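Paired with chain B in one complex and with chain C in the other, chain A is shared by the two complexes that follow.
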Partner chain A sequence: MLNTLKDIVRKSSIHVCLVNTGGCNGCDIEVVALLSPRYDLEQYGIYVHNNPREADVILVTGAVTDQWLENLRRIYTKAPEPKVVVAIGNCPLTGDVFNQEGGSVYAPVSDFIPVDAEISGCPPRPSEILEAILSVVPGAIALKGRQNK
Partner chain B sequence: MILPIGPIHPGLKEPLRLKLKTQGEKVLSAEIDYGYVHRGIERIMQGQTWQKSIFLAERVCGICSYIHTQTFAETFEKIAGQQVPLRAQYLRVLTNELDRTQSHLLANSTYFKALEHETLFMYMLALREPVMDAIELLTGNRVNMGWNVVGGVRMDARDSHLQKIREIIVKLESEYDKYVEMFAHGPLLGLRSRDVGKLTYDEAIKARAVGPIGRASGLKHDLREEHHTYKDNLDFKVIYRKEGDNFARTMNRFDEIRVSLDIIKQVIDNIPPGDIRTKIDFGAGYDQWRNEAPRGEVTYMIETNGNLIKEISIRTPSIMNIDACAKYMLKDVATVADAVATYATSDPCIACTERVVILDEKEGEKSYQGIHNLNHKTNLINEK
Partner chain C sequence: MSSVIWYLYEFAQKSWAEKFTGAKSEHDIVEKPDRFRDFPVVLKEYCIGCGACTAACPSPTAIKLVRDKDTSEKVGRVYPVINNRACIRCGFCAEVCPTDPKTIECGENHLIREEFTILPVEKHYVIDDYLCIRCKKCLKACCVEGAIKEEDNRISIDPSNCISCGDCLESCPVKGALKRIHMPHLDEQKEIINMVVSRLEKALEDKEEEIRNLPRDKLFKMELPLKPIMDDSLKILSDEELVQDIIERVTDRMKLRIITWDESKCTQCRLCVKECPLGSITYSPDSGVKRDPDKCLRCSTCYQTCPFGVAGYFVAKFLLDDQKDDGKIMITLKPSLLPITEPIPENLPLQESK
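On to the complex of A and B.
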């Protein structure tokens, strides 16, 4: 009973932690743009506060750089279960332009932590990010919540 | 007590570790750890053609992505000793000022967010969206525009688009004063901003602060004054203030937006017809070029061989400003909350700053590997 209630509540109250693991921060800016009144992320009950310890969703932007090799895993384990990881932009998917000879990135992110959803684009448009988060996240949280029971 | 903030923290947009030395609530001094987004851009660019590298230059920083490609292209043009057609120069200025406007609005919104003033934070973001629309209308993209090429710009702007942009700007201008008033005369905002995070003129010079941070401390320096397009064709004045506190920095940005909007209107009214691209005869050589980015001065030093890059070095403004923030502004700030707000006014852009070159003095060699190799290398050097 309590768990069902929790599932329902969590579906419409999603806390987001944004982790830039080494991109150009173009994707981060588009996530910030989501907060603006035009897109108004908060009307869907999604709240960006960048605190991994309370996060339901971790948004990863950026290819993985040296310093994040261990830290990314650490941040992932800090977030409470059930959690969903969404990779935003080409950086976490392929390393984008940085994944060439001489670059020091270790994309894709899915080598380090399990990724539930991916959005490509450099950067993807805010509306695309919003659409992806809305279509994937509530379902995934509910599903994972049930599996963990 | 040492209070670490970051790399992932509610108050920070980008990964960086801020170590505050505190006594009670009072911040005594601060230290900064970089290196979370070092990607090795300069190293990748070596030996590549400009056609490939310009996309990397754009991705040095996502907020001021435009000015990086412009500076990159202008360095190549300087090496070749050629200038792009006037229409292309105007279009570059237009995009640059649109980009500056959106960047300053974003910087101020971050400051209001750090002050927990949600209303102004939302207003700033709401003002920013039409500017992003204008950028999209002109270049086809919101953030990484791919608008510059060596020798000009990628495509021409239609007159109808320019007029639409003008409408957007005029509308923005008509609403703009209201929000500036809100900040300038808000009693609580004033209390939280005035005399907090002071950077004096001397300290600004010592820390080599640039851009709005330096200008808010009385450094009257704006590279646009020296840029040929601005100097010869456009009319603008440098905004600067004396106080050097959080209030001055935010106000300085607000006033600079006004100037930018004015320049945009001048450009649209006076843009000449003509070509937008010329052929550049690539030679071999070395040169450097500086431009005024939203955050200050950005320098590109490039050694070329035809259209190949032999060696490149990029200097971005944020590194000086963040240092000025850590060394001088955060010293003796009254509370930790103010420290986060002060950090936000220095408009840090971490993706810009992350550049590592390891100089081995004994062997006189340069290497560009990542941060983890830095520790490894220093150990090696120490062992020797």
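On to the complex of A and C.
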């Protein structure tokens, strides 16, 4: 009974923290577009924070640079359980244009923290981001919440 | 208080409740528009394995050329494979792909082909739509198919097909409707234009006394021989056709503002110095306010700024009478366009303020 109640609450309010680990900012702009009245992110119960302690979902944009190696792990540990990581754009997946020979980015992000959902595109359309978050995250959070019991 | 009541009234209405419960996003937010350039599509069978797409791709891991295994009958096929996790959808691969039809399709940009001519042209021919009478004589005279076209009742010359033979210019019955524009020697062209205009201004300045005393009901007329101007222009640039074209374009049916400068009225207030857009009016404590006519743009801003009537302007009209040997420039001037030169009577009855 308590568990189903928790499931409902977890599914209907998703708190998101946006982390740019060294990208070009394009994906962040697409996320900002999601906040606009046209897409209206909050009607789906998704709230954006800049604090990992308040967030259930970490949105990672950008390839991992030297400075972010440790900080990314720290941010991940600070998010409360159950937590889900979504990689937005190509940078966290392959490093994209930054992954040149002799470059110093450490892609993919999944080498450092577990990633639950991936959205490809450079940048992905806002609707694609929304679709991915809504189709993966509520279920994953509820599932993880039960496992951790 | 009243606003609270207004809010309560607003919320109590049925239509508000309907709107509140029935709010939803438009469906088109989840649809990609047609113009959206999505991930490239590969059509394996056209690939020639040149590797242009991999060289053009800005992302190092996005495209790989793959080769199928050879079998006893056939050599394996080479084709590009696109990694959507690294592709940035820029469409460069589709643009550089040399095969026809394209092996890689991405968006619409790569379908646009630029037209070009192999003939380097020094002269462009342009039709002035304002003067064109649509007689289509140029269309008949043109020896190249498609160089002159008619679209929406407008005749235009397509520069990519034109071979600059000049037949159209000869056939055109309207003066100035079809123009020849010369591409090289731009600086010399500017020099000639400046020279001609300053010559015309000089000619008018010489007649200043006559213009000043022009009766209100008369028209000022004068003629200027073309020969000396022509000769001086040829010294700058020895291309007769070009010089003739330029002089015709500069003088024929031209209106020119002539700026007059009455230094005796100047009180050295220096209002005009800042206003002049080209800085042709300067001030120094020794010589006072000075105007440099060579730099002047003839914008007449100084005329609008000066409170003492130092700067004035009038408009002169020019017409070219183009005969082979004794061509001349005809200048006309209406007295109504002349600046007021008489001093304003001091005891002018002013409107009384109430």
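The rule is short, and it goes like this: the second predicted complex is superposed on the first by the 146 of 149 C-alpha atoms of A that agree within 3 Å, B and C clash if a C-alpha of one lies under 4 Å from a C-alpha of the other, contacts with A are read in each partner's own complex, and residues count from 1 in each chain.
Keep in mind that, in the parts below, a residue touches a chain if its C-beta (ideal position, glycine included) is under 8 Å from a C-beta of that chain, and two chains touch if they have at least 3 such contacts.
In this text the structure is predicted, and so the values were computed from the model without any measurement.
Q: Kindly classify A:Ile113 by the partners it touches after superposition: chain B alone (first), chain C alone (second), both, or neither?
A: neither
Q: First (chain B), second (chain C), both or neither: which does A:Glu131 touch?
A: It touches chain C, and chain B stays clear.
Q: Would you mind checking which one, chain B or chain C, touches more residues on chain A?
A: Partner with more touched residues of chain A: B.
Q: Touch check for A:Val57: first (chain B), second (chain C), both, or neither?
A: neither
Q: Name the contact category of A:Val97: first (chain B only), second (chain C only), both, or neither.
A: Both chain B and chain C are touched by A:Val97.
Q: State whether A:Cys122 touches chain B only (first), chain C only (second), both chains, or neither.
A: both
Q: Once chain A of both complexes is superposed, is A:Arg38 in touch with chain B (first), chain C (second), both, or neither?
A: both
Q: Would you check which partner chain A:Ile14 touches, where first means chain B only, second means chain C only, and both and neither mean what they say?
A: neither
Q: Taking the stated contact definition, name every residue in chain A that is touched by chain B in one complex and by chain C in the other, in rising order.
A: 38, 96-97, 100-101, 122, 125
Q: Under the stated contact criterion, what part of chain A meets chain C in this complex?
A: Residue list for chain A touching chain C: 38-40, 43, 90, 93-97, 99-101, 118, 120-122, 125-127, 131.
Q: Where on chain C does chain A make contact in their complex?
A: 23, 25-26, 29-32, 36, 58-61, 83-89
Q: Which residues of chain B touch chain A in their complex?
A: Touch list, chain B to chain A: 7-10, 12-15, 35-41, 43-44, 46, 55-56, 58-63, 65, 106, 122, 125-126, 128-129, 132, 142-144, 349-351, 368-373.
Q: For chain A, which residues count as touching chain B in their complex?
A: Residue positions touching the partner: 17-30, 32-33, 35-38, 49-52, 62-63, 65-69, 71, 75, 96-98, 100-105, 122-123, 125.
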